[in-house]
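First up is the structure itself, then whatever we jot down about it.
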Amino acid sequence: MAAFILRRLLVTIPVLAGILFATFLIKALIPTDAVLALYSGKVTEQKAEAAIAAIRAKYDLDKPWYEQFASYAVKVAQGDLGESIRTRRPVADEIGFRYVNTMILTGAALLVAVLVGLTTGIASAYWKGSWIDEAAMAVGIMGISMPAFFFGLVLIYFFGVQLKWLPVIGTGDLRSLILPALTLGLIESAPLSRITRSSMLDVLSQDYIKAARAKGLSEAYIVLRHALPNALLSILTIVGLQIGGLLGGAFIIEVVFGWHGIGELAVKAIGWRDFTITQAIILISACTYVSVNLVVDILYAWADPRINHR
Amino acid sequence: MTALSSPMHSSASPAAPIAPVIEVRGLRTHFTGETGIIRAVDGVDLHVRAGECLGLVGESGCGKTITALSLVRLVSPPGRIAAGEILYDGRDLVKASEADLLALRGDRISMIFQQPKASLNPVIQIGWQVAELFCHHRGMARRAAWLEAVELLKAVGLPAAERKALAYPHELSGGQAQRVMIAMALALKPRLLIADEPTTALDVTVQAQILHLLRGLCRDFGTALILVTHDLGVVAETADRVAVMYAGQIVETADVVPLFAQPAHPYTRGLLHSMPVQGRRRDRLDAIPGSVPPPGLTMAGCRFAPRCSFAFERCHAEPPPLVGLPDGRQARCWLAIPEPTRSRSHSDDVARPGQPD
Amino acid sequence: MTHQTTPGTLAPAGTVDHRPRRSGLIRILRRLARHRSGRIGGAAVLVIILMAAFGSLLVPYAPLKIDMAHRLLPPGASHWFGTDELGRDLLSRVIFGARYLLLVGVYSTAIAFGGGVLLGLLAVAGGGWTDMLVMRLVDIMLAFPYVLLLLAIIAALGPSLTTAMVAVGIAGIPGYARLVRGEALSVREREYVDAMRVLGAGTLRITLGTILPSILPALVIYTSYVMPLAVLSASALSFLGLGAQPPLPEWGAMLVSSRSFLATAWWVVAAPGMAIFLSILGLNLFGNALRDVLDPKHS
């Protein structure tokens, strides 16, 4: 198992290096006149030349690209994400609490997606061809066609505006988490439900399920104890990839619900041309995604007895 | 045919007048497909007594597996039992509620399947797969059930049972997996065990051991055994009585010794001829020309007639009934019917396959 | 039944389909027309195309015309979908918006398709280092969650409708590249390709003349997944203010300013929102049907 984890970690290193370089490109590709534009209101004509030179020096823009990348990599390795161009505060301070908020939203949405996706997927596999299956199929295709931001607005209208059950905007408390988590979770449950259905169908047709029936075990027990663990193994690998969808979805949902996460900030920062913030957010999100998939892979290896642990 | 000298046959034949554990009457299992109804099992009668072993023999596709699954009502849609009675303990299982069946399956009536490794859940330790029977049917605590399971695994001859109980199915050999299946099937000392090709997927060397184990345990527990197989060698070694199936019907039943000595149906005769002789393995049915009619086909006369070298006019025109012969034997062949009852028969001068050559 | 598939079982005669599988365009279209979701999806796609092509002839009002006297009017006889916070006719704006959807759908998918096919074939034809380099690039792009990849590209290029289209296109490249490489490698293993090589056909000719046509069906099926996603993503970017900018009547962009009026005038959100939802639903239904028709085993 240790060897497996080590091997898997080694494979991750070039990917992380690639992510680092890709985020570096964001800064490198940004036209420097953007920087100019940022400061145009703040310095006088005469001082502009000097100010620009100072800025370029400060952000290493006057060095060749490989030196820029090297110093960027070193700084990131030291945990220094730079400072926000707009607020001049350290990026880590700007995004720290927001990162936690985004993780809370993503986690809650994952919970919703897994609960809804697994239940509907299992039900439609078990009652294949029934009205439940047909309905789940119809809802599923609507789910993958529904833009998350519009669905969020629909939920806001019904639960916030009409019924006044839940707050429509805000961050932090549990009540304001419900709507964004539901929005994101329900949208992402659609693909999960389909995957669950197909892997459950596959498992339910296996010989060992027939053998379990011949043992006189109850249907509920067979589905939950005998079929589900087998199906979960193949679902698990997909859930890892789905975290990417959830994380990206969270970025959009945060804007809809005014949830103070890194997504909301990233969107603003792109508008502000605050590239250090954008860069840092994309870097840590991608790293989070890669780490989650690493954990999922290890979980999978641990959970499947057929994989040799030794 | 050395197996004929096996001592197993003496116990159950001639048939003692004890009530059968299970009695099947006129069982019909149909599959509704796009092309119409397929009569996979088309009017099967059989019974088996406590401690007795009935061999249900036939080629692939003759309906023997579907018959076996029908007995515990495990035929999956679009298959369904269209007619007949399955009498167990005075109850008709065809009409029994799903709850009653759940209580019977695995407890009073159990099954063993052809692919032992595929029949074990890959992600559950084999000990638990045995133990869950005790939890489920006997309400035992997990710990006690586990200990019971380990004992049972020892009883079926699994080496290092305590350790192996923690193993997953992929860590077992085919023979070991089938021992586990046998342990599961006999865990609760059922009254009936249906074994569907229990040794087909196994090594030839392991086959005999497994059959011996199965037969011995069934006899110890007084469990009736229905052994579904295409392999007459297996039948000869294990069964007391044999029912030969062809195209969804039983064409002959007899005790094992007379059946091998004097087959009454031309099909049985063909099967016997196709057995491997003196270690030389022949293709399963090269003694019988042609192949099994597709199950959807409806035929006017005897279903075996197109392949039968003894067939005459009547065989093609009129389906023969399953008639009782002396010694409690039965055969579905116009030629097997004794002279007086064969009143409508026109040509009597054809060779009688039932007679010794 | 599973136990009965051993040799000796014969399939009933006459059930095996020996007809050659020809997939002419007419044949595909005819089968689509018989497919239930193909009809619905096809109709939706047709409506979008018609709205995009003849929108300016159809619209009752100019889509950008501000009329503060008639702002936030509910749906009614004169304004079927109502008006927005600036008194603009929502029906007209929705009809006009179809052209952006079509634009994004076609251009983004074309970029993803073209770029992916190019990279994938380059990897296969080049082999060795080229292959490794291309695939590492693909791996790194796929290491980003999709939306993040979009944001990264837009952060570098700056927000606009064009960059949104380009970003969605670029973000689709790695998926195509990986598919093309995989399919192409398996095609190249086939005997006739070896035979061609023996006959002296060059790498370029084999790649473009033989491999590309034979992986086309797989590419079409993949595109049926990609295009709805591309349209969805572009509208999401516009909604975030990173794609089409107001006052363009792009559906996602229409929601940016209108959504503050949700509580008092639901229709300002419903009109563009439903337009996006129904179009993508139509594309997905059409894609479903297309997959059924092209690859019946797949469903």
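Labels for the chains are A, B and C, by order of writing; each one numbers its residues from 1.
We take it that a residue touches a chain if its C-beta (ideal position, glycine included) is under 8 Å from a C-beta of that chain, and two chains touch if they have at least 3 such contacts.
Being a predicted model, the structure only gives us computed values, none of them experimental.
K.L.:
How many steps does it take, at the fewest, to get from chain A to chain B if each step moves to a chain that touches the one before?
P.N.:
Each step joins two touching chains, and the minimum needed here is 1.
K.L.:
Work out the mean Cα position per chain and let me know which chain is farthest from chain C.
P.N.:
Relative to chain C, the chain whose C-alpha centre sits farthest away is B.
K.L.:
Centre to centre, by mean C-alpha position, how many angstrom separate chain B and chain C?
P.N.:
Roughly 56 Å separates the two chain centres.
K.L.:
Averaged over CA atoms, how far is the centre of chain A from the centre of chain C? Could you give it in whole Å?
P.N.:
Each chain's C-alpha centroid was found; their separation is 22 Å.
K.L.:
Mind pulling the residue numbers of chain B that touch at least two other chains?
P.N.:
76, 113
K.L.:
By the touch rule stated above, which residues of chain A touch at least two different other chains?
P.N.:
Each of 207 in chain A touches at least two other chains.
K.L.:
Would you tell me which residues of chain B are touching chain A in their complex?
P.N.:
72, 74, 76, 101-107, 110-111, 113, 115, 118-124, 132-133, 136-137, 168, 170, 181, 184
K.L.:
Spell out the part of chain A that touches chain B in their complex, as residue ranges.
P.N.:
206-208, 210-218, 221, 225-226, 229-230, 233, 303-306
K.L.:
Considering only the defined contacts, which chain A positions touch chain C in the complex?
P.N.:
Contacts found on chain A: 14-15, 18-19, 21-23, 25-26, 29-31, 34, 141-142, 144-150, 153-154, 156-157, 161, 207, 243-245, 247-249, 251-252, 255-256, 266-267, 269-271, 273, 275, 278-279, 282, 285-286, 289-290.
K.L.:
State the interface residues of chain C toward chain A in the complex, per the touch definition above.
P.N.:
2, 136-137, 139-141, 143-148, 151-152, 154-159, 228, 232, 235-236, 239-242, 252, 255, 259, 262-263, 266, 269, 273-274, 276-277, 280-281, 283-285, 288
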